[in-house]
Amino acid sequence: MANAGDLSGLKQLVLGRKDVQDLSDTEQELPPDLMTVNMGPSHPAMHGTVRIVLTVDGEKIVKSDIHPGYLHRCFEKESEHATYTQVFPYTDRLNYVSPMINNCGWAMAVEKLMGLTGKLPKRVEYIRVIISEMSRMTDHLTCIGASAMELGAFTAFLYFLKSREWLYELLEKISGARLTHSYVRVGGVAKDLPADWDADLTHCLDKIVGVIDEVEVMLNNNKIFRDRMAGIGAMTRADAIASGCVGPIARACGVDYDVRRDHPYSVYPELEFDVPLGTTGDCYDRYLVRVEELKQCIRILRQCQKQIPDGPTMVDDPRCSLPPKTDTYNTIESMIRHFKHIMDGVRVPAGEGYAFVEGGNGELGFFVVADGTGRPYKAYCRSPSFVHLSTAGALIHDHFIADVVPIFGMINMIGGECDK
Amino acid sequence: MSKKVLDALTAKFPSAIVRTASANGDEIAWIKRDDLLAVAKWLRDDPAMAFDAPVFCTCIDWLDWKPQHRPPSEAWNETKPRFTVCYQLRSVAHKHRIRLEIELPENDARCASLAELWSAFNWQERETFDMYGIKFDNHPDLRRIYLYEEFVGYPLRKDYPKEKRQPLVRRDDLPINPIKGQHAPKLEGNK
Amino acid sequence: MGVELSTTRLEDAAKWAKQGKLARIPEWGRKFSLFTYPFVTACCGMEFMSVAGPKYDLARFGAEFPRFSPRQSDLLMIVGTITEKQGPALKRVYDQMAEPKWVIAFGVCASTGGFYQNYHAMPGADQVIPVDVYIPGCPPRPEQVLDALIMLMDRIQDGRGHSQLRLKREQVIASGTEE
Amino acid sequence: MPAGLAIVLAVGFCGLFTALAVLVGPKATNPDKLKPFECGSEPIGSPRGRYSVRFYQVAILFLVFDIEAAFMYPWAVLYNQLSHTTGPNGLPMISVFGFTEMLVFVAILVVALAYVWRKKAIGWE
């Protein structure tokens, strides 16, 4: 009997609390160790550039420590050593899923410092809206397609990839490159739209409308997709605002904030579009908000096709436009102006300014400090992905490891923009 | 429309405001370092201001700053503060924005942390510390966010050279191996 | 026999690459069933999606099925910029791959660091691991990627991949010392 | 196809390919290769820690219902032979006996499923 007593005493010690008999079934098991797992930099769901050190109790995440910075390519240091026009290729690679919007953002920041904000020819503004909305479509198509693939819906990924290819072809015809366009210039755009862009865009949009309906039929009421997305990674409205969330993630929580409408820039006041809002703020709402925004982009593009005027594609301000080629080769003044413009870059008067546009993930801003020379003194990029990643720690708390995948898919954290 | 934000701010905290400006469409207020927390809390909680959404936090390093076409007095010299920490805030309700700027001397680059007031600044202050070396007091966990712990120095300061690499790992048969700092042994033909 | 590519160790290639008829059969098998480990980090990932996507199909070359574990893959595709912080992760993934293994540097950032010459971007992935085929372009067009894959297949068939050469050298040195 | 031949073919086929892999495949091990793969970062903690018992529970339940599904295959293949009566057009009628036999088999396991569901052993809470 003695050892029986010891045995119950040992169990009492181990469980530490109540007597063994009145413990429920689940409590009788010994508390398991917490296991730390690396969801490391090279992981398909982490877009290759984030490492999370997960402390898990079985499958449930107890603590998470997120390490960004695996794609820190020093945008600020590089742009301090480049002229204003040479910074455009760097901005392409910030949010490389919607590169045109970064270009427009940087151009607007420099134009704001030069005081050219409202003085651009109308055609330039319309071209910028067209290429930004097309870029926003490629952003949402890639985001929804990739996160659907990570949840197993490989067909939706291939459908959206096919439609993204159509957009890439058209963007390549416009700017010359599929992804890294560097098409916008300070005070205008590099060259005019190709001749048959109108017909191509209409053809492309009609096909994409069909693809979006197909994928909506596939995903919206798909039991597996909804169970994996609904109720996962929910965020309240107050948390969204306090943590600086913007774009589709904030709109999914019901925060009615869209830079194109609240701080209208370019020709957005002349275009009507509505801003979709979610209610619960979970992954499923973010998905629905992005699908709705895709349709709004198509609607904007169709309006732009009708309303775009003719005219020059560069403001005729000598500070930031190149002289026409005929003058450059004939007169020495244009030759010098051409040379100075290329070598020294656009001379921006000294001062500091912050301009922001509605990027694929929300408010994308550039804080520029200029010192009068052709090179920016400081070029800070306010990247929405970095802000959204800081909320990811709170979102994945108390979820399963498998839920990290849809949350990261819907946050649409782009490495280049997040780590700058 | 946001001009009244600056007026209300100067009315409320006349001693804390060094100067204000409205340049390039932004409202800027230079704040003394010690009153930053009070001003920020008021800006967030006051219903007329309601700055509930943070936008960004960064720092400007003014080392040998010489603006062109400007009087030489504006150029930087040792007596002037070297760093300026900038907090940009916006209000969702009133749709107005303000940028708080705090000037910090070079030797004592310390600033109060606003991470408790707006959770977004937690990571953005870590980024500013990582890049410029500004120490934020009572920040929850101030450590490098982009670079690895073994990195020495603050890369975005003007005196840090752009291409000064501090490599973690290299192949051992590299012709010039920065880690071992010598040329790899010449492969004199395998026996 | 395909474009004569200069390997970093020319004398190795010349000496060890002599192949008998029998040795060509497994190489032929490996050539057409490459399992890629897509080490995706940056913008080239978008182009990698297009290459693996329906239009520029990677499946035509038997390399379509991405494996996300180095144990089951023999082609490491470094897609995008490799930074100093990513270096140890890349080296560990390369070491944990099964032999024989090949590496493609996808895009100019993985080949030489591209226009990111600064304190955190590594000037090319070959600072850390031996690379077999470099693809220029930022990002390279999908056709360039398919061309690089065909070029890699030639190297596999001739047995002149870095890991193949190293294996053969160890084999010969081991048998050499036994005599 | 006699069962013995099927077994020999199966074992031979698998054996051939494993032997081929062992003979032709090169062997080059280094200490880094043997470490566990954790997405490229240094593995933290040892895999020998104490696991939650839930993993074991879910595995056993999967085994039970997987074998149940496996038993359905031979039943489905032999389904036509089970019926003793032939229909008016010469084809075998749907055999009531064969169907009820499987119904009983599944019913027993449904009872098990109900018990497991009530004790919430399947979920993770």
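Labels for the chains are A, B, C and D, by order of writing; each one numbers its residues from 1.
As a convention for this text, contacts are C-beta pairs under 8 Å (C-beta built on N, C-alpha and C of every residue); 3 or more make two chains touch, one makes a residue touch a chain.
Since the model is a prediction, treat every value here as computed from it, not as a measurement.
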More contacts between chains, B-C or A-B: A-B
- line: Between chain A and chain B, the Cα-mean centres are separated in Å by 23
Statement: For the pair chain B and chain C, the C-alpha centroid-to-centroid distance in angstrom is 41
Message: Averaging over Cα atoms per chain, report the distance between chain C and chain D in Å.
response: 37
- prompt: Roughly how many whole angstrom separate the Cα centroids of chain B and chain D?
  reply: 58
- request: Spell out, as numbers or ranges, the residues of chain A touching 2 or more other chains.
  value: 40-43, 69, 72, 74, 77-78
Message: Two or more other chains touching the same residue: where does that happen in chain C?
response: 85, 88-90, 93, 118-120
Message: Touching at least two other chains at once: which residues of chain D meet that condition?
response: 39-42
Which chain pairs touch, all of them: A-B, A-C, A-D, B-C, C-D
Message: So in the complex, the part of chain A that touches chain D is made up of which residues?
response: 25, 29-30, 32-33, 35-43, 46, 51, 53, 57-60, 400
Query: Mind pulling up the chain C residues that touch chain A in the complex?
result: 39-43, 45-47, 49-50, 53-55, 68, 79-81, 83, 85-86, 89-90, 93, 115-116, 118-121, 138-139, 141
Message: For the complex, give me every residue of chain C touching chain D.
response: 26, 69-71, 88-90, 92-93, 95-96, 98-100, 166-167, 170
- request: Spell out the residues on chain A that touch chain B in their complex, using ranges where they run on.
  value: 68-69, 72, 74, 76-78, 81, 112-113, 117, 239, 241-244, 255, 257, 262-263, 347, 349-354, 356, 363, 365, 367, 369, 371-373, 377-378, 380, 382, 386-387, 389-391, 419-420
In the complex, chain A residues that touch chain C: 40-44, 47-49, 69-74, 77-78, 89-90, 92-93, 96-97, 142, 146, 158, 161-162, 164-165, 168, 178-180, 415-416
